[in-house]
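All chains are identified by letter, namely A, B, C and D, in their written order; residue positions are counted from 1 within each chain.
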Amino acid sequence: MASVFGNNIKISIFGQSHSSAIGVTIDGLPAGFKIDMDELAAFLARRAPGNSQYATPRKEDDLPEFLSGLVDGVTCGAPLTAIIRNTNTRPDDYRNLAEVPRPGHADFTAQIKYKGFQDPTGGGHFSGRLTAPLCIAGGICLQLLKARGIFIGAHICKIGSVSDISYDPCNVSVQDFKASQGKELPVIDSAAETAMSELILTQKSIGNSIGGAIECAVIGMPTGIGEPMFDGLENRISQSIFAIPAIKGIEFGCGFGVTEMTGSENNDDFYVDDNGVIKTATNNHGGILGGISSGMPIIFRVAVKPTPSIGIEQNSVNIPTKQNTKLIVKGRHDPCILPRAVPCVEAACAIAILDMII
Amino acid sequence: MASVFGNNIKISIFGQSHSSAIGVTIDGLPAGFKIDMDELAAFLARRAPGNSQYATPRKEDDLPEFLSGLVDGVTCGAPLTAIIRNTNTRPDDYRNLAEVPRPGHADFTAQIKYKGFQDPTGGGHFSGRLTAPLCIAGGICLQLLKARGIFIGAHICKIGSVSDISYDPCNVSVQDFKASQGKELPVIDSAAETAMSELILTQKSIGNSIGGAIECAVIGMPTGIGEPMFDGLENRISQSIFAIPAIKGIEFGCGFGVTEMTGSENNDDFYVDDNGVIKTATNNHGGILGGISSGMPIIFRVAVKPTPSIGIEQNSVNIPTKQNTKLIVKGRHDPCILPRAVPCVEAACAIAILDMII
Amino acid sequence: MASVFGNNIKISIFGQSHSSAIGVTIDGLPAGFKIDMDELAAFLARRAPGNSQYATPRKEDDLPEFLSGLVDGVTCGAPLTAIIRNTNTRPDDYRNLAEVPRPGHADFTAQIKYKGFQDPTGGGHFSGRLTAPLCIAGGICLQLLKARGIFIGAHICKIGSVSDISYDPCNVSVQDFKASQGKELPVIDSAAETAMSELILTQKSIGNSIGGAIECAVIGMPTGIGEPMFDGLENRISQSIFAIPAIKGIEFGCGFGVTEMTGSENNDDFYVDDNGVIKTATNNHGGILGGISSGMPIIFRVAVKPTPSIGIEQNSVNIPTKQNTKLIVKGRHDPCILPRAVPCVEAACAIAILDMII
Amino acid sequence: MASVFGNNIKISIFGQSHSSAIGVTIDGLPAGFKIDMDELAAFLARRAPGNSQYATPRKEDDLPEFLSGLVDGVTCGAPLTAIIRNTNTRPDDYRNLAEVPRPGHADFTAQIKYKGFQDPTGGGHFSGRLTAPLCIAGGICLQLLKARGIFIGAHICKIGSVSDISYDPCNVSVQDFKASQGKELPVIDSAAETAMSELILTQKSIGNSIGGAIECAVIGMPTGIGEPMFDGLENRISQSIFAIPAIKGIEFGCGFGVTEMTGSENNDDFYVDDNGVIKTATNNHGGILGGISSGMPIIFRVAVKPTPSIGIEQNSVNIPTKQNTKLIVKGRHDPCILPRAVPCVEAACAIAILDMII
């Protein structure tokens, strides 16, 4: 049940880092929706490494081939399947991972779970490469949401100790999304951009990596979406978001900030705006009350750990021989995964939201 | 699909704050397990307000009546249903909540979602009272886990700016759980306890409330549990945990701490211990790699917002008349929900873990 | 996952024949629907044994108590739970069933599955008594469907070699449903009624029982409901219907009659009726094409085996001693279960249909 | 949710008759199982039209390409995806189906459900061609079951009024499966084979088709598999089997035969065999009691309607103009679908059984 998500749409992701293809099936999309292929390609390009100095030099075209579910580019109600062929593979880089697991990766846990039968090459099904089909699915969901007036955007809000300016939780707009989306480092504030770039390149120069946080917002969300208890918006967004490797935390609205707040500080006053719409004066609740959307922007932040693949020698073990050993991770890696994780967060969020709205 | 959780066990929670009963059905429990009713009662007592100065004076006996699923106290394979009668109800306290929603509560979102047909009394199905059946289910799951050598414990790790000492992420033990569990404020460090108590009582004295954080650990977890992508341990624990009202964030291992770490700092070295068991020297990963248990303790923390029901006048709106108005929340409330939320976190975690193990 | 059904509504049935209560939780009902309690009671009365000469003398009032989900009899969006207390229990009748299984019952299979921990009394969770909560859920679903212009009815179409007249597959109406519903033997044709009655009473007089078939129709079904492949109407109705004990077969439209038909005989011609509605001239397809409703009445028939509890000595085994033995089944039994199974078929069908429409 | 099946394994089928590929993803297969590719190819060949005089002349190689989930032909725990390219397509044959629906097909219901956006070519996602990925999945499941000592076989038991000899419900063996599997018409009795062949070829000669029934058996089934109520073996097998187009009925054990039986006739006596195994003397219950396997062979029969695509002029309607019209179905069709449906029944059954056992 690993790689299937959704109640109203079912998203089934398949593939390994170096299998012949990776892909996704989406079942339950409404018929009659024309996918904007250029927009989808542009979205996928934000995840692709491209020529970014912050990303792996592994080249991935990542242009999806649609096998089913479309007639002349329009959804036909049948399950949509898209695949990406894996071409630029270098399995030799990963020969011994099944024996000597990389710290911070799933090599060890996969080895135990699958009793050594897992595909260790490049992390197999656990590879960050699997976020490509996630982004295909998410990119399509984003387009379906846009048609309903719902927009999702994200930016890097922190790398190391450097913070970007935050979205205005009550008034975040599509303009704010655009302010960061074209950039090699998707942040709003150029000073922060410069400082972050420096941080990343410093770590890169010594074969190390660095973590950070991403802020995501959903605007245009209708009021009343979500369910109490186990299928609230927080529950479902979290379940989807943690599908992205390297995410270690999520917080909604004020998040962990509430730990230092009193009720009178944290509660968001209701008021009627000039158009007769009921809003809250602040948005500490992040657009979600009781698991259900309040009509205010949904705001959440996720913690992204530093890429575990680093060029520095680490301590590991040889699993078959049960000996301590040293490990140098080969292969091509991102010194900071956050630029490429930003569209993944948007994608995972879009999947969760569309599933609850459709 | 709101109130149903689980793939291998199905937990279905029902009831409203002031309906004739609240309860839970658990489908899929293995047959032949004798529930320790005293242990269950002791667990539920930790959630009940009792006579605590930090809790609502509403008295709740909360002794479950088992309607089905047991033969002489032993599970028989049929769905287990337990209910708690609601007796000490004061619906007059909540008469106008459908019209004037309480800030920080689900009154407004429920009003929109259910078009005014929701049960507004005491928050209805959104009430914190629904954590009682959650704890019945969780308490039973905890016993089933204990029989498999798995133990779950939690404590208040922070209230306002006061922090308890943290669990040792590599060596947390059942002893550490016991260090806090008997206390009115379940914290480990007595100095912190005193300072927290002061904070809470100060807020209580002015009709206000205060938030905090809870740390939870799972020990004895077998290696290799969890699935990649959408059904990883982080995904499933999050989905379950956010069923507890007032939770606004969750982080695993170092959590948001990873945002300031480099790969070499965050990666946990593997080593072989004296018994030939592969472990990690540190536990920044919180016992989960690639969604799958590493055999190290699972560690996570959740942010708990201050009780939104406060005795201070707040700004709200009259929904039918679309007028701004003032609101004084009546009823009996907890100045700090964290002491009672601690067993809820253990319960929600136990449900998620058992569902993945069974 | 045994006793939970539904994608859009979740129906969770609990209880054993002689547990303190049996009941059902329905999650996902739309808020704002007023349940007609008299109509529900009348529906449940059709399943109850009453004073029928064809039914067990066990008295069951079967009046449901609603624990949650209603405010003044109107659904409030929260899960609805209703229970029925088991009062007229005679566990002594069933003492040795765990050791000596009754032929035709689930005693043996439950013994193996639950390793002897099952509740053997009266069949436990496998008892026909569990169709009472099924009928509570189904009775509510029928009312929700009626509000959408969809009506479901069933009648005994066969007992032994005696057949009732069939519904006209193209023109079955609510009138046809009413033609049988008030009767002790719910059949349309009085001559068949007399002959069936004789058959049943003859078997009853010798402590035996007899099987038969039930025909069910859904009218007012909108066109285009259902999904291809695994979630078609046939798939979902079947999954629901086989929850009724004693059902051993189901056929849609011409059913097994198609085995002797040619394509030109079986294909239903399309035509445009006087109101411009596209219909089929015949209804061999039973209202379902490709798993999806065609707008014609949905027609299906189910085979109901004779009540396995008979008063005649049978051959069985003593499970612990592995000895062949004789068994006389005590207790109170129906010589023919079909009259009481008719509303169960309507209920199970209603649950499946509502789940696909809502 | 149309095309996804399973609780413990998830099978997701995609593709349309004339899309660029059709395929299937299976999530949840145990790691470490070597798929016998020759055996799988042989199984798929039984479904392929080949050169059979009973089948369409459309050539389908149907050799699956495995995109993921395997390492050197061994399952690796990651979702397994296999596709078949659609090459021999003739879309011109199907140009007007969206306007003038074929009687007995899903053209009309799909048109309404998908509002004209469905893929009408060759029936799109509703095509019998989609049973190819069903058979890939089923063929793999059969191998996994075989490794557990469970075998599934089926044969044509009836075409028109001609019946094959039935399996001995108590003693059916793998030998019985082999008795029919190699044949162009998979029946056991050669006299029946000759008569059936004649029936089919007579219908073929006049552009017509003919229906029939298939009998399927599961042997080696462990006792105690299945769940009460909604997830019993009958429920789950039915849900899976009705995914095969053209199936209109299913009956277990004596099936509709029970309608004419008394309890004493239908009940299967228990006895202890020479090896101390508890069995039933007869197998009217078809190996399932209370939804749970009894250890006796599981026996069921399905009704298969005549291929709706026939070469004879039929009455239909023009949907856009709402006019009655005549239709001649072009394209290449099977005069009798049963030979090719036999492996599909085995496949669908295998999927349901494996899902409940794993």
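Keep in mind that, in the parts below, a contact is a pair of C-beta atoms (placed from the backbone, for glycine too) under 8 Å apart; a residue touches a chain by one contact, two chains touch by 3 or more.
Predicted, not measured: the structure shown is a model, and the values here were computed from it.
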| item | value |
| --- | --- |
| Minimum number of chain-to-chain contact steps, subunit B to subunit D | 1 |
| Chain whose average C-alpha position is farthest from subunit C's own | A |
| Pair joined by more contacting C-beta pairs (B-C or A-B) | A-B |
| Separation of subunit B from subunit C, taking each centre as the mean of its C-alpha atoms, in whole Å | 40 |
| Interchain centroid distance [CA atoms averaged], subunit A/subunit B, Å | 26 |
| Contacts with two or more other chains, residues of subunit B listed in rising order | 1-4, 7, 13, 78, 110, 113, 125, 228 |
| Footprint of subunit D on subunit C - complex, ascending | 1-5, 7, 13, 101, 103-106, 108-110, 112-113, 125-126, 130, 158-161, 203, 208-213, 223-232, 234-236, 238-240, 242-243, 245, 247-272, 276, 278, 280-281, 285-286, 289-295, 303-310, 312, 314-317, 319, 322-324 |
| Residues of subunit A that touch subunit D when the two form their complex | 1-4, 8, 10, 12-16, 19-23, 25, 27-28, 31-32, 65-71, 74-81, 83, 110, 113-119, 124-125 |
| Footprint of subunit C on subunit A - complex, ascending | 7, 78, 228 |
